[in-house]
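Next come two complexes built around subunit A: one with subunit B, the other with subunit C.
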Partner chain A sequence: MKKLINSPDTVVTQALQGVAAAHPQLKVDVENKVITRAGGPRTGKVGLVSGGGSGHEPLHGGFVGYGMLDAACPGEVFTSPVPDQMLIATRAVNGGAGVLHVVKNYTGDVLNFQMAAELAEDEGIEVVPIITNDDVAVEDSLYTAGRRGTGATVFVEKIAGALAEEGADLGTVAAGAREVNERSRSFGVALSSCVVPAAGKPTFELGDSEIELGIGIHGEPGRTRTTHSTASDLAAVALDAIGADLSLDTDLLVMVNGMGGTPLIELYLLFNEVRQQVEARGGRVARNLVGNYITSLEMQGFSVTVGQLTDTLTRLWDAPVDTPALRWGR
Partner chain B sequence: MKKLINSPDTVVTQALQGVAAAHPQLKVDVENKVITRAGGPRTGKVGLVSGGGSGHEPLHGGFVGYGMLDAACPGEVFTSPVPDQMLIATRAVNGGAGVLHVVKNYTGDVLNFQMAAELAEDEGIEVVPIITNDDVAVEDSLYTAGRRGTGATVFVEKIAGALAEEGADLGTVAAGAREVNERSRSFGVALSSCVVPAAGKPTFELGDSEIELGIGIHGEPGRTRTTHSTASDLAAVALDAIGADLSLDTDLLVMVNGMGGTPLIELYLLFNEVRQQVEARGGRVARNLVGNYITSLEMQGFSVTVGQLTDTLTRLWDAPVDTPALRWGR
Partner chain C sequence: MDAAVFRAWIVTAAEVIEANRDHLTQLDAAIGDADHGINLARGFAAVLGALDAASPAGPGAILTLTGNTLISKVGGASGPLYGTAFRRAGKSLGDAADVDMPAVSAALDAALAGVQQLGAAREGDKTMVDALAPATRAFGKAIADGASEPEALRSLAEAAEAGAEATIPMQALKGRASYLGPRSVGHEDPGAVSTALILGALRDAAQAGR
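So, the complex of A and B:
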């Protein structure tokens, strides 16, 4: 294992110290592992909190800022944050208009966020959870009942964040978040494993020309292993899986996401394949993201997330955002 | 070799098609491999052109846009672009105020840009080259006479771009670029090799716990191979090498750059070490970049680039920029 760390025990804490130093527009409570926007909550604005295991950076801390999240609580690597942490984040972003919890569908995250919501409600803070479950690869994966939540989480955080920023109430923000999740699907492919620092060895083994279709963002099993193929073939596999569950013949928001260890030149090449194949299926890539947005440490591979746009969703996607990892229009 | 490509022959062309589709604010001449800002040159503005081998994305194409480059010409992977390509780029950005060529110090790039400059001068376009040579690791490396040009290129492109955007003349833009290069130094470390698509195998081999200090961005040899160590130790190695050539007890612009295959969580952790050690050496990290900015395909590892700031350089660094890979203030 070759990692740029000091010790597996201190990875998350020391990385958070780095986040704090790199981004003065964020306030980082290193001890409690909570990242918030500097300046505190805005009275009357719905607060947005997300969180989950570390190792998926820039998700979620990189999406804290104007027009997106108000707080993120990172757990240890690939481990859910704890309810207390979520409660601290919820309190910190409460401007009196309630708080949305954006939760990827992993059993630990869902249970812990539920407990945090109950604790917050006891303190008089209204909380609504939105659970993303966009990954079409498998039902009931290693850490999940139902479908896993992956790339759509980025879309949900952006669009719900835009709604909250323009003053929508909690019900409206939650409805928007739910709509985005319902209109989005993802599929991922691994070319190599990731290495969790505490484990010190690859989570799984792949042969020299073997890949895993439908991989999870923690390296949990996908649909099948097969022989590596061309970018064109892999784009087709992803779009077939997504297209079986979501119609593609409309204006789409498409993210071609790197798993952490894939060169950007390859992601652009893959995006070109996805775009052409979407067009051949009667759709149009109206908006896009190409890069590392929801990663699995150093895993080589990619995920494709497709969201059906409406005029309103396009407007909210285009709305100004100012976070470390996503920034435009402001 | 597991890569997200269709064929080694078409990597650059198909990736450029992806860049074109992803970024409507760019104009991509796929056939000639030239990326320019949409809308053409602005009359009276100095044009900025950079280029070099592909495989270092987002450098350079990701830095084309308001406040930075006017054009980038990518060569094949790790291969210099050709003079004709550079000439096309130079013509395309000529607004009558001359053109700056930003060239990383690799022999092929330098010679080809020199030829392109001569051809452009024959057409009446004034060209000034600025050659970056910030990498303190080695003199006279595999493809270079003198020091290699690496991370400082990002600083030069940003600051010279800001000068050009505010209307400075060619001499002033070139002097600013030269000043940034002279005040900047870099040092890189490889934890793993990269794989050039056409070669299909790792450029070099490293043992399970072996790393290479002073690696080049094409995998060309550094100073020495040694046993992998902590992030703290590696930050010290990089800052020792840089500090031997540049005083660190001032306000600094620091980039902790991933080589392409390093998780972002590790880059933040390393940045925290660098920041602390800079402070211990009497300096201050006044501005920073943490992420993948000048990569070596899927190589695992990092480079640290340090630039001494002045009030003027800080102002120019903070000036608005709007490119795919760097965007703020606008």
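So, the complex of A and C:
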């Protein structure tokens, strides 16, 4: 399998060295694998820390900067980071107003962040976790580890980041983050597998005409495997799954996200399908993101994330942001 | 059992995990995210380095250092779960220089309790608990029945292996495999298999030391 790497063992650290070289506004601790804003914590501002396995770039390191995260902890590829990293990040961003941990709902991420929060609280830093769980592909959360955290994490990081930047206290930032998660749903489709560098071969096999509906962001399978179809059909599948759990007849924030190996021309084509079908269902795409924001290495495919907006959430979404991967208004 | 046996256990476990790195990763690719062998091998390699650097004195200290290192180096769910298991076992053994079979049994029970407290998994959920729980039970029973140390350790390892095999027809209810629902049936749980490998390493290390 061809990859632009030097060795499977050094993928994450060498990529972090590249992030450091490309973005002087970020401070990258390559040894401990912690990305923070170069300026350090602002006294009185709630700190935002997120983290998760690598291989989902730009999530999370690409969202560190003004108006969004204060720190990101990248783990090994598709592997949750460890509590030590999270504790270093939490200390680094603590401006005295407490720290919000944005955690995607995977067993490993939740357990490691839980351990880190306990360690931070032992040091007198107040930590509140917000666990994102927006993936509607997980139908029966009673008999599973629960819905996975996917695209809504981008919405949560943006809006909670805007609240923190405005000077909101930890409880308010956490409540805003929770509201965004509760009002958002996602559904993903894979046209091809991804290849974990250390494994060197595809995580799963898909036939030439097969697709996986309800794919997770680590190549973990979803609801069903079926025959490939048109963009229009796939947009309908995603919106049916989302619409079964979230009413769409309102102002919406819609992200059409590439999984890493999907050309932008196809994402724009798909976004147009989604927009038309949302309108046919009585909704309005008031804000949008089209591009690669939460990826799964080189997987070909997409996810759609829909968030119900309110006037406040729209204002916070529009607030200035200046990160490597999201930048406007400043 | 003294520190030499426990050190040999961890060294043997590191070897057997490294030897089964690809096998564990393949099992994980089928129902998880294809990194279990890679992560555990990385973690145990770090544990060997930590044991060399710190040379902990007693059985309890060796297991505690093993647990701390796994938590710091592995990540994923297996880092906190295995890390907690070894830490709890180490704490249970305490400062004794030599520990008897009932003490080892109590340490394994403490490890199981720690894993279940953190991961909230029960037997039948298709997780490492399906190897660890029957193994600790078999070990406790063997000791109560007056088995010799080698016999008791053999019961431990065999029950863990049987427990891992018994996960094949199970549907996963915890961890990433649970997202597969019925499609998780027919695959051996990678966490249960690595647990059986680690407990098998205890049997082998104790045997080799005699």
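Points worth noting:
The rule is short, and it goes like this: the second predicted complex is superposed on the first by the 324 of 330 C-alpha atoms of A that agree within 3 Å, B and C clash if a C-alpha of one lies under 4 Å from a C-alpha of the other, contacts with A are read in each partner's own complex, and residues count from 1 in each chain.
Methods note: a contact is a pair of C-beta atoms (placed from the backbone, for glycine too) under 8 Å apart; a residue touches a chain by one contact, two chains touch by 3 or more.
Model, not experiment: these values are computed from the prediction.
With both structures placed on the common chain, the touch criterion links A:A164 to neither subunit B nor subunit C. Of the two partner chains, neither subunit B nor subunit C is touched by A:I130. By the touch criterion defined above, A:T144 reaches subunit C but does not reach subunit B. Note on subunit A: of its two partners subunit C and subunit B, the one contacting more of its residues is B. Legend: residue contacts after superposition of the two complexes on their common chain; A:A152 is shown touching neither subunit B nor subunit C.
Contacts of A:L252 after superposition: neither subunit B nor subunit C is touched. When the two structures are aligned on the shared chain, A:I215 is found in touch with neither subunit B nor subunit C. For the contact definition in use here, the residues of subunit A common to its subunit B contact set and its subunit C contact set are 77. Interface residues of subunit A facing subunit C in the complex, by the touch rule stated above, are 53, 75-84, 106-108, 111-112, 114-115, 137-138, 140, 143-145, 148, 196, 198-199, 203-204, 216, 218-222.
Looking at the complex, you find that subunit C touches subunit A at residues 25, 29, 32-35, 38-39, 42, 71-81, 118-119, 173-176, 178-181, 183. Across the complex, subunit A is touched by residues 2-7, 11-12, 14-19, 21-22, 54-55, 57-58, 62, 77, 191-192, 208-209, 211, 228, 230-232, 234, 260-273, 275, 285, 288, 290, 292, 295, 297-298, 300, 302, 327-328 of subunit B.
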